[in-house]
């Protein structure tokens, strides 16, 4: 009896957040442009030599992706908190963990997937080879859900605080370090000819761990923040 | 109201007051002894010369920075599981000292690195992990400071410490791995000296000194926190009435 | 199943470092309204949040059907609806969509015709197609009340349900509560405004530094 | 004993600047923390007493 209703609840959360995002395309576009812009500033800062750009490209794109995801994460729960619907969702019969999971998943679909679509274009700007771009895509596919999952903990902890967005960045960026290292490292590995399997497996393991742990902590944090 | 949760901070306040001098004296004596061993008994390292003597504070500080973080996570978990207010206060009292030791580990690492590696900062695994640990400490302290409601603040801080504690080993491992891939520094602050028994002894004595110092300072800090939170109780009012 | 009764035993609430109340006991039976009264900052909203299970009491417990709500969150949340100061209405959605998503999250079936009929009864016939952003405060409150009605919960917990409503809407609200109670429902409400309580079995609770449960 | 003279001790085989720089800053950190702690405890007591006197009125 519990199984299908949980399933339905998860779908309801997803559908709701996707509909709301579709109504606010402006916010969505801003997050994507932020990603493009941060990545485009680097060549202006370090110079246009193709070798150097290829060298720093994977790292720059990964850092830009973490920053872009943080930008949108501060609003993961904040909008629903402001209009009171977050309380209604927490008071629904289904467990809060599912709510957090649904919202993280929605965040990934809305903000993570587009990064995957934009990244190849930026990869070309950074003079990455096709093999490197392919690895970058796989690493982002495995890595961006981690950003949404860990970020949900920070968003729940900083709910409704003054300067919550900046605080969220301070709390969550250190936790992103392994994802950044494995993700950018995979692309580096391909370019250096040492292969990306080890990096990608570790990134996958980190994803599984984040999936198992962060929704519980974020749910607990959400309940604490709503008290 | 629950007698246990109310009585416990009062008892602890007085107990802590009696314990602080003991730990402070022990820390002081151990420091003198440890410094004597480190500077007058331990031999010169044939590879690094006298500069290696920095490890006598660097290593204990690095140990303490991680150990204190784990103790904070422990008290946070106890507080979340059993709803004991004193454990949250203890976690809070430990954080600034933990951050201080992290800073000391970073600082001494840099000052050792300059003569050895020729650069103030090298992205070596230990230093990089310490830097990220410092970010975690700062994040936790900032989160505590940002939340006015004590109950929420305690719990949010504990949850952040916990997810950090799960992450710290992963961060350490990933940084270490990243470091070997990029062929970072080959001389290590800890590995280079052929660890003579006396060197180890000096490091251990100073580590115990740092530990007792941490206990003394954390107890003093927790007394202040207890008094602030319990100011409406009769015993706290009586204590405040005595001070001028 | 045991009688639908909301009871509170030896409840204490601390906000910040202030003790709002302690040793509070009361019971609400099926068909009864508990009217929570008290000045600003005396803990009315805090009490309501304790009753919903959003916050945890410093001491004591809240029971539903004779068992602590902590031990039966799923059942309790299925049978209880909370309407706080904020409406829980998304500005970007129109009223019907709002009701659809609210039903989905509550895990209840959604019947669009019924939803439209409820909104019409609330006097929102002309707003059905508009995003809630453009509705007035009172109209948005009515959308929230429609969601409450559609959820079909047994226990209503209402924080200042009359705020921002005009005379007609207040009368409507009173009528809704009366019907809800007559059908065997329970309600807990706080209010500053005059409430026409005719024909309602009401208990009053004064929340202050000293709680005096006045049983009507 | 390792050292022939105090000058040699302070010199630390040419690494004196780095060794004493490390130990010095550590000592400063410890002293600052202890002083800060005492200051905070005194401030806190003063504030609590003031709040208490307000509440009594």
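Labels A, B, C and D are assigned to the chains in the order they are written; within every chain, residues are numbered from 1.
In this section, a contact is a pair of C-beta atoms (placed from the backbone, for glycine too) under 8 Å apart; a residue touches a chain by one contact, two chains touch by 3 or more.
Fair warning: this is a prediction, and the values are worked out from it, not measured in the lab.
**Student:** Between B-C and A-B, which chain pair shares more contacting C-beta pairs?
**Tutor:** Higher contact count goes to A-B.
**Student:** Go ahead and note the Å separation of the Cα centroids belonging to subunit A and subunit D.
**Tutor:** 42
**Student:** Taking the mean of the CA coordinates per chain, how far is subunit B from subunit C in Å?
**Tutor:** Computed from C-alpha means, the inter-chain centre distance equals 48 Å.
**Student:** How many angstrom lie between the centres of subunit C and subunit D, each centre taken as the mean Cα position?
**Tutor:** Each chain reduced to its C-alpha mean, subunit C and subunit D end up 56 Å apart.
**Student:** Indicate the whole-number Å distance between the mean C-alpha point of subunit A and the mean C-alpha point of subunit B.
**Tutor:** So the centre of subunit A lies 32 Å away from the centre of subunit B.
**Student:** Residues of subunit B touching 2+ other chains?
**Tutor:** Correct list: 149, 151, 231.
**Student:** What positions in subunit A touch 2 or more of the other chains?
**Tutor:** Correct list: 227.
**Student:** Output every touching chain pair, sorted by label.
**Tutor:** Every pair of chains in contact is listed here: A-B, A-C, B-C, B-D.
**Student:** What part of subunit C is in contact with subunit B in the complex they form?
**Tutor:** Going by the criterion above, the answer is residues 12, 14-17, 19, 22, 58-59.
**Student:** Would you pull the subunit A residues touching subunit B in the complex into a rising list?
**Tutor:** Touching subunit B: residues 150, 153, 157-158, 161-164, 167, 170-171, 173-175, 177-178, 181-182, 185, 188-189, 194, 202, 206, 209, 213-214, 217, 220-221, 224-225, 227 of subunit A.
**Student:** List the residues on subunit B that touch subunit D in their complex, please.
**Tutor:** Going by the criterion above, the answer is residues 39-44, 49-51, 53-54, 57-58, 61, 96-97, 100, 103-104, 107-108, 111-112, 114-115, 213, 217, 220-221, 223-224, 227-228, 231, 237, 240, 243.
**Student:** So in the complex, the part of subunit A that touches subunit C is made up of which residues?
**Tutor:** On the subunit A side, the touching residues are 5, 8-9, 12-13, 15-16, 19-20, 23-24, 82-85, 87-94, 223, 226-227.
**Student:** What part of subunit B is in contact with subunit A in the complex they form?
**Tutor:** 80, 132, 135-136, 138-139, 142-143, 146-147, 149, 151-152, 155-156, 159-160, 162-164, 166-167, 170-171, 173-175, 177-178, 181
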